[in-house]
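Take a look at the structures listed below.
Presented sequentially are two complexes of chain A, the first with chain B as partner and the second with chain C.
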Partner chain A sequence: MRNVWIVFKRELISYFTTPLAYVLIIIFCFLSLSLCLFFGGFIERGDASLSSFFYFHPWIYMIFGPAIGMRLWSEEHRMGTTELLLTMPISPWEAILGKFLAAFTVLAVTLLSTIGMVFTVLSLGEPDVGVIFSGYLGSFLVGASSIAITCAVSALTRNQITCLLVSVTICLVLTLVGFPPISDLLRSSSFLGIKLGFLADICNGVSLFWHSTEMARGLMRIQSLIYFISLIGFCLFLTSVIIRSKRA
Partner chain B sequence: MIEVKNLTKHFGPKVAVDNLSLSVRKGEVLGFLGPNGAGKSTTMRMITGFLPPTSGGVTVGGDDMLEAPNRAKARIGYLPESAPLYLDMTVEGFLGFTAELRGKSGSEKKEAVDRAIETCFLQKVRRQAIDTLSKGYRHRTCLAQAIIHDPEVLILDEPTDGLDPNQKDVVRNLIREMGKTKAIIFSTHILEEVEACCSRAIIIDQGRIVADGTPQDLRRRASRAGAVHVVASGLSGGAIEKELGGLRHAARVEGSALAESFSGIVWPKQNTGAGVLAAEIYQLAGAKNLVLSELHEDQGRLDDMFRELTSGNKS
Partner chain C sequence: MSTPEQTSAPKNRGWLLTAVGTLVVLAITVVVNIIASLSSSRVDWTEYEVHTLTEGTKNIVGRVDTDTTLKFFVSPKDQLPPNLRPLVDQTDSWLARYRELNPKFVKIEKQEVEPATDEEEAAKAAGIEPRGGRFYFGVAVTSLDKSALIDWVPDLLSSDGKEDDKIEYNLSRAISEVNRSKQKTLGLLTPLQITGNPFGGAQPWAIYQALKSQYDVKTIEATASTIDPTLDVVVLIHPAGISDETQFAVEQYLLNGGRVVAFLDSSSLAAAATSRPQPGMPPGMAPGAVEPASNISKLLGAWGYSLDTTNIVADPAYGMNMQGTSFPVVMELGPDAVGDKNDDVVKSLTNFFFIYSGAFSGSPASGLTETVFLKTSDKHSMVPVSYANQNPGSPESIRQMQELAYKLKPEGKQRLLALRLKGMFKTAFPEGKPAPAPKPDPGAQPGGFPGGLPGGFPGGLPGGPQGAQGESGPAAPAAPAAPAPEATAPAAPAGGATAVTPAIEIKPDQTAVKNPATPPGATATTPVIEVPATATAAGTAPAAGTVPAATGPAPLPVTPDPATAPGAPAVPAAPGAPAAPPADAPLKESKKEGVVYLVADSDILFDQVGPVFNSHDFALAMNMIDQAAGDPDLMQVRGRGSAIRPFSALKKISDDANSKIQKDVEQMQGELTKIQEEINSKKSGKERNAAIFKGMDEFKQQQIALNKKIYQKQKEARKEYDSVILGIKRRNLLIPPLIWLAIGLTVFVVRKSRTAAH
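Then we have the complex of A and B:
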């Protein structure tokens, strides 16, 4: 645990000694607020709720998560510091966890900086605090999942741009498969006489978007929590496998 | 301290390290020589636990690298080939980080950092960001990282690569000093370095050990070692060569015969010392009125030895 903390500390300091974290936080706040205000109909709706705010989060995370996570291992590989880190008396797991938690913390700080939205709706009316909490948790878990996906991809390449593009693509696919137009299309079509409705359910089940919108509506299902946690766990496990096989 | 047994590493179909065994005791400085791509870095990466071997094993201080990696790694200080560093940190911050990973905290950590900074002459740059440092300082920062926990074993991959002559000297002195109490393996291309700081040297080629001994031993194995260098004038070069070839103890003469002088090498016959041959040449010079401007025994050169062992058998 001590080693996780040491790696975490170094990684987090590195996020904030370079402009990266600040830039990302500002971009996230700007995007999430402007999308919500201009395209989400936050004002027109006349409803003290944050659902239009959370609606856009999965889309923003598609780029934001990979942007936070792309340096985690790519940078180490490029600079050769993997060799330094992994010949220290720590297990690869501790390094992976420390790094992931640091990126996770940047995400938490980012989300915390949108807290103004909560006070805004609180002063405008009487929103359901439980729904807001559920929305934030959902948003947080989508963000963490995209970081975990990026973490695994970054272990594969020494090039941060490659990592960014590949991770964005994976997040895009995982978001789109649960996007209503696509699931509606699947529901209404059939192939060789077989109705494809069951595919829509499967797609929703693996989609970041679907789980996050459900949570933004206040539906905190145990399935969704298990989905996010197992996705993150799997990606971190994959990271350790990649790191091990890269050395072999 | 370090035991390497039948270490083998394949990269796909390529054999990088082939059944290599060696051991290094405390107080021993082992020079690791070999041409580029001979498997030096791969071997060191396996000893430090960065690469898992295809087969064979490494134990450090009795701890097996595969079974108890953290205990084995804790005994090792490692300077990787390119001296990688976290460029966004300061020298002090970086050394503090590595000291913490080595299990030090509080005043113990501070002492370790101070000692490493002092040993590697980094006082001037201790608060500077690493990406603003010159190559020599970066290299020494990475070396400081390797010795921060005063390890029993040091693995240094080309520790003097890219340093200026003064810095090289500093690092060599450090290695020599630390070699008294630690087991050290370091790789290099520079042969004089081996003579300057190693108590033992190993030459590897294509993943195999081709020579193992003290630098003096290895030098003596060079094909010219024990031959006698002669530069003489007084007769025509050809005549001198003939006279030398006719000596009782001379087996072979090689050299260039000029109009009025000869310069070359005379090999003694088997079981004959170079001294006996030199004495005979001296007598010959007296008898024939030759002027000897050079007459000495070849001590053997590591360079020759290195070339003879590692060239020619490229497949």
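Then we have the complex of A and C:
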């Protein structure tokens, strides 16, 4: 764990000593809050909840997660420091975990910057605090998933832009497949006489959007928890496999 | 020396192993997720656990010991409108959770109903009809020979899952209904047309349908002199104009250990609606007028309370905002109005809609304990019933409310809106059974509909085409009614005048509502309904003896529910049931502990009021009745989850801003009215000439100027509200980015200075 901590600290410092983290945090705050306040009808709905806030999060993480995570391994590859890092007395897993946790911490700090919305809604009415907590938990998990996906992609390439584009595409697909219009389209379609309704259920099951929406309304299914944990775990495993393969 | 082939072989094998290993891990991940998706385990973070089946449902479903099938008939998703498609999954999920509770006996059958197929026939056979002639979306619950229907599920679901409680309640109720071996009996006394209106095509009230599905409902005539003591619960809905003798009967039932739920009112909208001639109703067949105020004052007095029937509650703390004006007489009660939040009746109920409500004052008589369910705020005032405008939201009502805003003087104490009394009651009739009301004039003909609406409440306005009620004559008896589906419909035929005149006219500064159908000379406080005491003893009561044979059998104190036994005579007390106390030996105090539930607004049950607004009124009423009848399971299912969590602080800001300009606006509106009146008077004057028209032009100019001023004032008020909103948006939007910008710049400057130092 000590090694994880060392890598974590190194990565976190590197985030905050460059303008990257600040720019990303400011963009995230501005984007998520303006979408909620102006497009989500936060005030106009007259409902003391943060549903309009959390609704946009999967879409924002689609870009924000890859933007935070794109440098995790790509930067090491580009600088040629991957080998150096792995020759140190730390295992690939420790390095991966340390880097992932650092990126996740940036995301967590960013999300906690929006805590003002909670105080606003508490001052305006009597919201269901449990639902808000669940919404934040869902948001953290979606963000962590997008970072884990990016982590795996960044292990593959030395080009950060390539990593960003590929990761955004994967996150976009995972978000869109659970978007209700897409699900409805699948349900009303058939292929070679076979109705594709079952595909919609499968798509919901693998969709970041669907799981996030369920949590934003205060319902955490065991299915969702396992989905997020397994997605993050698999992506980190994949990163490990790629890193080991490259080293070999 | 190894050849390149020899070195690449292990390398390839390594890649292969890596790829296989990765695929294996991927496969395990997929399998774990598939298994997890089959589980319905979940954590419900919501305050009222709106996504979790209640203990009540678990009890109901757990008790099922015969095969019960939930048949879900739904059109294929691709044929349903897009907004209904997600609801299919929600319904599937709900049904699956019911099956999980008792997989041995609860079965699920889902049938996709295509037009002209066997499935469509099956759906129709089960009683599920398509909406719009095309879409099926219903559930039929069957067990042995019993069935219960939910013919249109989408009404019970919302896409955001906030109203899931409705489907749970309906499914649980249906399962309970088909598995109940013996229904509890409920006596219902009301002059209102809660069973629907055969002429106007009005449907039975939702509360009546709910009670019918859950209880064996028996109608109690308003002239009843005894009440079957075997009834599990007696419900009084706006008992207006009932005689002392009937109050005595209710009391004796209570003293026998009975349970009474009374929905009273000082100004009942439902009574006004009942009194109004219904569209399609044949002339002369209008129902009797029903007094706007309930009357069980003697009983209330004995219990230590009184209901002010000349005033209604105006509570600015809960006033509903309509068209920018606060209506303190139309109250949206929130959690603050709830008394004992731990009592099952109001536990997890949070929003109520009370319109023109009365209020109780007093304290429990000795031997009784009080539980308060709902109360006013200490800012409330009692205002005359003339403020009970029949068209809330109309310009006239808005003007009234604007006037009222300046007349309100907070009482500084709270009054009770709903409560429970429990304990040993004492009689309100220490002198014994009150004398029956004077018998009607035998020569008088019951007017209006012969015999009143079948099975109806014989307390309607006497008189009729034959002129039974003379201007000064006594009220003719309402005709007794044969039991029929309209058991509680007002039986008494109103006179022809009633049938054609508007039912209620509210005039300011009157202490009671006057019915224009009331004969000249009758004062506003004169009871509109005079109920003859026709029955003298249980089961032996002669039908308002003067009634023509055509009116059917005589009314008995308790008649069977007409819908279940059409045309059947009244049901005497169940064999073996404890006998009612003999008429000559009335109880002076409770033999057994009795329970009374009191609500100061009966309109919470009125379909045109309560259910229209998304409130917990219905749940409150049913919870009281279920608790009284000792059927607690469904109580836990209803009304879960507060669907409404408004921005109360914003509402207050808006109300405050409006009240600040209220006086100015009111003054200007007064001036405007004067100008309008002046213009009108000149228009109708005979000396119309150019000068007057010129003057009128001036008036119109003034009118426009004043309108502008009012608009300006309203804009000012709105400005304050808007500035608060803008402040909220600015703070939330700018503060976090600015903080991070400041941190970033600080870090940058510090690093720069350190670098420079180096």
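To be clear about the criterion, the second predicted complex is superposed on the first by the 248 of 248 C-alpha atoms of A that agree within 3 Å, B and C clash if a C-alpha of one lies under 4 Å from a C-alpha of the other, contacts with A are read in each partner's own complex, and residues count from 1 in each chain.
Just so it is clear, a contact is a pair of C-beta atoms (placed from the backbone, for glycine too) under 8 Å apart; a residue touches a chain by one contact, two chains touch by 3 or more.
The shown structure was predicted, so the numbers you read here are calculated from the model rather than taken from an experiment.
With chain A as the common reference for superposition, the partners chain B and chain C occupy compatible, non-clashing space.
In the superposed three-chain model, the partner touching more residues of chain A is C, compared with the other of chain B and chain C. When the two complexes are overlaid on their common chain A, residue A:84 makes contact with chain B while staying clear of chain C.
Of the two partner chains, chain B is the only one that A:6 touches; chain C does not reach it. When both complexes are overlaid on chain A, the residue A:17 reaches chain B and chain C alike. Once the two complexes are overlaid on the shared chain, A:39 sits clear of chain B and of chain C alike. Between the C-alpha centres of chain B and chain C, as viewed from that of chain A after superposition on chain A, lies an angle of 170 degrees, to the nearest 10. Shared-chain residue A:198: touches no atom of chain B or chain C. Superposition on chain A places chain B within reach of chain C only down to 5 Å, the least C-alpha distance between them.
Taken together, the two complexes place residues 17, 244, 248 of chain A in contact with chain B and also with chain C. Chain A meets chain C in the complex at residues 16-17, 19, 22, 25-26, 29-30, 33-34, 37-38, 43, 46-49, 51, 113-114, 116-117, 120, 123-131, 133-134, 180, 183-184, 187-189, 195, 197, 205-206, 217-223, 226-227, 230-231, 233-234, 237-238, 241, 244-245, 248. Residues of chain C that touch chain A in their complex: 11, 14-15, 18, 21-22, 25-26, 29, 32-33, 36-37, 39-47, 50-51, 77-78, 82, 85-86, 160-162, 335, 642, 644-650, 725, 728-729, 731-733, 735-737, 739-741, 743-744, 747-748, 751. Within the complex, the chain A residues that touch chain B are 3, 6-7, 10, 13-14, 17-18, 79-81, 83-84, 86-91, 244, 247-248. Listed in rising order, the residues of chain B touching chain A in the complex are 45, 48-52, 69-71, 73-74, 76, 78, 80, 82, 84-89, 93, 97-98, 100-103, 142, 145.
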